[in-house]
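Below are two complexes that have chain A in common, paired first with chain B and then with chain C.
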Partner chain A sequence: MKTLVKIAFKNLNRQKKRSFLLGGAIAFGIMVVTIINGFAGAFAKNIAGNMADLFAGHVFVEGVEKSAKGKPVEVIRDATVLNEALAASRVDSRLVQKRSAADATLVFEGKKANQSIWGADFANESYLKRRLVLKEGSYDDLLAPNSLVLSEKVARKLKAELGDKVLVQLKTVSGQNNVGEFTLRGITHDMGLFSNMLAYASRDDLNSLLALGPEEFQLYGIMLDDLSKAEPARDALVAALKARAQVFELSAAEVSPSGAAGMQSRYYKLNRLAKKESWEGAKYRVFTINDMISQVEELVKVLNSASLVILAVLFVIIMVGISNTFRMVMYERIREIGTMRALGMQRPSVKRLFLLEAGFLATGGTLAGLAAAGLVMLILSLFDFGTGTFFSLLMRNGHLTFAVGPVQAALNFVIVLALTLLAAYLPARKASRLEPAVALRSTK
Partner chain B sequence: MKRITLFAAFVAALSLAPVFAAPDFEAMVRKVEAIQDFSGSDFSGVFTIVSEKPGQKQSLTQVRMFRRDSKEQFLMLIQRPEAQKGQGYLKDGDNVWFYDPTSRKFTHSSLKQNLNDSEAKNSDFSKKSILEDYFIEKTEESILGKIPVYVITLKAKTGESSYNRVKLFIHKDLALILREEEYGASGRLMRTTAFTKYSPVGNGKFFPSQMLIIDEINEGEKSQVTMTELSTERLPDKVFTKAYLEQVN
Partner chain C sequence: MVIVELSDVRKVYPLGKVEVEAVKGVSFAIEKGDFISIAGPSGSGKTTILNMIGCVDRPTSGIVTIAGTPTKDLKDKDLTTLRHDTLGFIFQTFNLVPVLNVRENVEFPLLLGKERGSKKEREEWIDYLIEEVGLTQWAKHRPNELSGGQRQRVAIARALVGKPQIVLADEPTANLDSKTGEQILELMKKINREMETTFIFSTHDARIVNIADHVIRLQDGLVVENVRKGEDAIAATAAEAAEAGQGGRS
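So, the complex of A and B:
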């Protein structure tokens, strides 16, 4: 076997150009697929990470009450039970934020813009102070009453400048129409897709407009050390909260249903429960940032499946090339095969020699492909694409990131190896069946 | 002398009595409701809404409306613009559905929803039940143009009413609302409706046949509503069903 390995290496080395081209084709296929896998691997993590930063939490709790007319009202009147549950759950939280939120229409001098507004505690939210980079205005100015922070894109749409009074039209938590006047005191950099999702006002001011008390809020956000701890933290918090209050829970069938419902996020399903169920007092839903974007995971699955299809198509083309090359190699080495056979080499060994060459090509090509993919990914990750576009959602601080799982890489290698061996199998079998005398007589 | 003084005070009190005898405003609001309540019969009509928004062309919406107040039912069928033709709202008790003929689906809707991007809301055309949602907070007398009116300020009983406060300007003699102002919880005026014309529809009932609805937040946005073909003829029961909305398309 050792001799066969040596001969196989020597054969590959004899036709450097041909081996390089065949290995290069394999490497190219592996590189393309690895980059797609790498992008898909980081895609969900980047979206979740960006959203966790912007919404200041990995795990969230919302409280829901039923109004006299049976409509769900989203409000948390007292955080005591949540603080107790968090302590009892032993979740290692970095910080906890209490926010209110509204979907509003901003009106300024005849111009309108739809905008989600977060009611934050400007004076005490240190995390927001670090994250909120203002292009115009200063964070300290936001401590003045009725301050509003908008993104550059929305401010431009409204043609509003710092100091302008903007009307905020919204519905209170119970659905009543209301309107208030805010002063634009901060403009953030354009946040692309997030521009209409991220405006900030003081929680007290927004609460007053939402008909909430000063101590009331709507979202209890828990920031963890690491996004990967979100799901265990959620489960621990649910268990601790269940002992103290009513909690919305999905049945096993609702968690992983078949058909179209499978594409709905876990948060959407939890939200729907509030409309269907009846209860008295406050009931809580606990969810993670991943629960809000669980469709993204479906998208990642689609991307990975697509990359496998691309790999298969690429390798069917490469297989044709490999198969033709090995057929040619067989004719080129027909007298050599005859000599080896005459010297006592058995048929299976001839076949093995061809297959070993193909295997080495696949392995070398895969290694080169992975190295090339690593290099390309490194170069791509060095570019700063900025944070002002929709694509910033898919990146980390404006840089592309990639994450290739070892299982995915191993699977790609196995597929490539199997296809290459399959492509070389027929010429190998044909070579092994050559009669030594016939082969030696051959003048090809 | 003392007797004369007492007599004079008595006469003065009598003469002032009509001034101090405040009208029963609750009864007045109930009368306003009753004038537009068609519980004894059905009611139908065609509403034409012309909406104006700054920088945009006028838009026209035409809706055929059927009401059966005794069962708290109504059906509104959009006839114009062509793109929305066949869409409709069906109210049965507390439930309001919106029907879209393109998708052939019913979705839950609300009386608070604006009708086809106009300033008019579905609730503007349904039976008024003011005192169910509001209580009288303040009353005063005023003049609207040249017409003496009572101004009744109503405060929402719960947070679920469309507006926190409503001011009704009611004709002193006719018990008809001439103007309605709706305020948010912040105290800011959000919407004003001027009832410029009422049409009698028999049995002492009136219906506002012309309204001007002004969006006070978005300057320059207003809708002129005109009602025609008003009728209190009995309507078939099938009109107030989902099947009717589907069939009519």
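So, the complex of A and C:
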């Protein structure tokens, strides 16, 4: 076997140009697919990471009560039970944020815009202070009463400028219409579709408009060290909270159902439970940032599937080349095959010799493709695309990032190896079946 | 002791829609330790007979017996094993593996079968053969860095490395100049004497015919002469063979 390996490896050097072209074709295919995989891999992480920054947490708790009319009211009146459960869960939290939220209509000089507004604790949310990049205004100005931060897009739509008074119309938690006046003290960069997530007001001011008490809030956000810890932290928190309060829980069938329901996010399913179920007092739902954006995960799956299809199509084309080349190689080396057979090489060894050569080609091509993909991804990640666009949500601090898992890379390699061996198999089999006398008689 | 025996061997090749009878019922025997020349003009059936003795081709009819084993019903795997264990090959065009150096080429047949002897013994044997063929200085060189004579010496060492009972040489001097050809023949004769290896040549080189101790002449697929030096002719003439419906029998 060692001899076969040696000959197969050396055979690749006999026609350097041809080996280079074939290996190059494999490398190109692997490079394209690896870059797509890398982008898709980081895509979900970046969106989740950036969303975690916007929502100020990786794991969240919402409290729900039933109103007198049986409608769910989202409110957490006391954080004590949540703080105790968090401590008991031993979740390693970096910080905890309490926020309110409202879907509001903003009105300024006859112009209107629908906008989600976060009620944040400007004075104490050091994390928000670090992450909120203002195009106009300063963070310290936000500490003044009734301050409002809007995205550039929404401010432009309202034609509002810093210092302008904007009316905020919303429904209180109990469903009453209410209106308040806020002063525009900060404008953030435009974030396209996600601009409606970038409106902030003081939590106290928003609470007052929502008819919530000063200590009440709606979202308990827990920031962890790492996004990858979100799901274990969620499960630990649910376990700890169940011992102290009522918690919404999905059955195993609801967590991973088949069919169309499989596309619904965990967060959506938890919300639906609040509408269906009856209870008294506060009941909590615990979810992660990934639960909220599970559609992104679906998108990643689609991207990865598409990349596999691209890989397959590319390699069907490359396979034709490999198959033809190995057929040619067989005719070029026909006397050599005859000699080896005459000297005592068995048929399976002849086949193995060809397949080993194909295997080396696939391995070399894959390694070169991975190296090229690494280089391209490194170069792309050096460019600063800025943070002021919608696309920055797909990046990390304005830089493209890529994440290729070893399993994905190994899977691509296995596919390439299998297809290359398949392409070389028929010529290899034909070579092994050559009669030694016929091969030795050949004048090629 | 008879080491190769052909009995009424025929070989027919299809050539398009017609069939060409390359060997027309040949019978002869070769003794162990013979230095035998199968001579004859082009198309007389020399290489076909050599291929059948070498088990790289099968007769259309008749029996070929190599070292006591009739090859007729052997499967490809067994024929390959028989070739590996019993036969050595020297080709007109050397047929060395181009990506292997001299030492690796000589060693190659040993790596194809079951291991015989210790690694040290094998290495000493390879070194001895390379020295015997005068290529110690060239052991690390690849075939394309060698002259024709040197390549044929590598082929000789390769043919002998498995200590075969029989070495088949198909026109071994045809691609060599006369001086190199003579050196190669001397080397093979020396090995024949020292190792008692049976050498079977197909050739039209008169020098080989002259130094051979057994000559079989072919014409049109028939044995026309079968002579051992110092003995009377032991073959039937082509005419007699044709009358008998078979080739000359030793």
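Please note the rule applied: the second predicted complex is superposed on the first by the 443 of 444 C-alpha atoms of A that agree within 3 Å, B and C clash if a C-alpha of one lies under 4 Å from a C-alpha of the other, contacts with A are read in each partner's own complex, and residues count from 1 in each chain.
Everything below uses one rule, namely that contacts are C-beta pairs under 8 Å (C-beta built on N, C-alpha and C of every residue); 3 or more make two chains touch, one makes a residue touch a chain.
These numbers come from a predicted model, not from an experiment.
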item: Combined model on chain A: chain C and chain B, fit or clash; value: fit
item: Chain B versus chain C as contact partner of A:140, first or second or both or neither; value: neither
item: Which superposed partner A:346 touches (first chain B, second chain C, both, neither); value: second
item: Chain B versus chain C as contact partner of A:176, first or second or both or neither; value: first
item: Contacts of A:13 with chain B and chain C, given as first, second, both or neither; value: second
item: Partner chain(s) touched by A:71 [first = chain B, second = chain C, both, neither]; value: first
item: Vertex chain A angle, Cα centres of chain C and chain B, expressed to the nearest 10 degrees; value: 150
item: Chain B versus chain C as contact partner of A:437, first or second or both or neither; value: second
item: Smallest distance from any CA atom of chain C to any CA atom of chain B, in Å, after fitting; value: 72
item: Those residues of chain A which chain B touches in one complex and chain C touches in the other; value: none
item: Partner chain C, residues of chain A touching it in the complex; value: 2-3, 6-7, 10-11, 13-14, 335-336, 338-347, 349, 435-437, 440
item: Footprint of chain A on chain C - complex, ascending; value: 51, 54, 56-57, 76-77, 80-81, 83-85, 89, 91, 93, 95, 97-100, 104, 108-109, 111-113, 158, 162
item: Touching residues (chain side chain A, partner chain B) in the complex; value: 67-69, 71, 107, 110, 112, 167, 169, 172-181, 208-209, 211
item: Parts of chain B lying in touch with chain A, wherever the complex brings them together; value: 54-55, 94, 112, 156, 158-164, 182, 184-186, 188, 190, 217-220
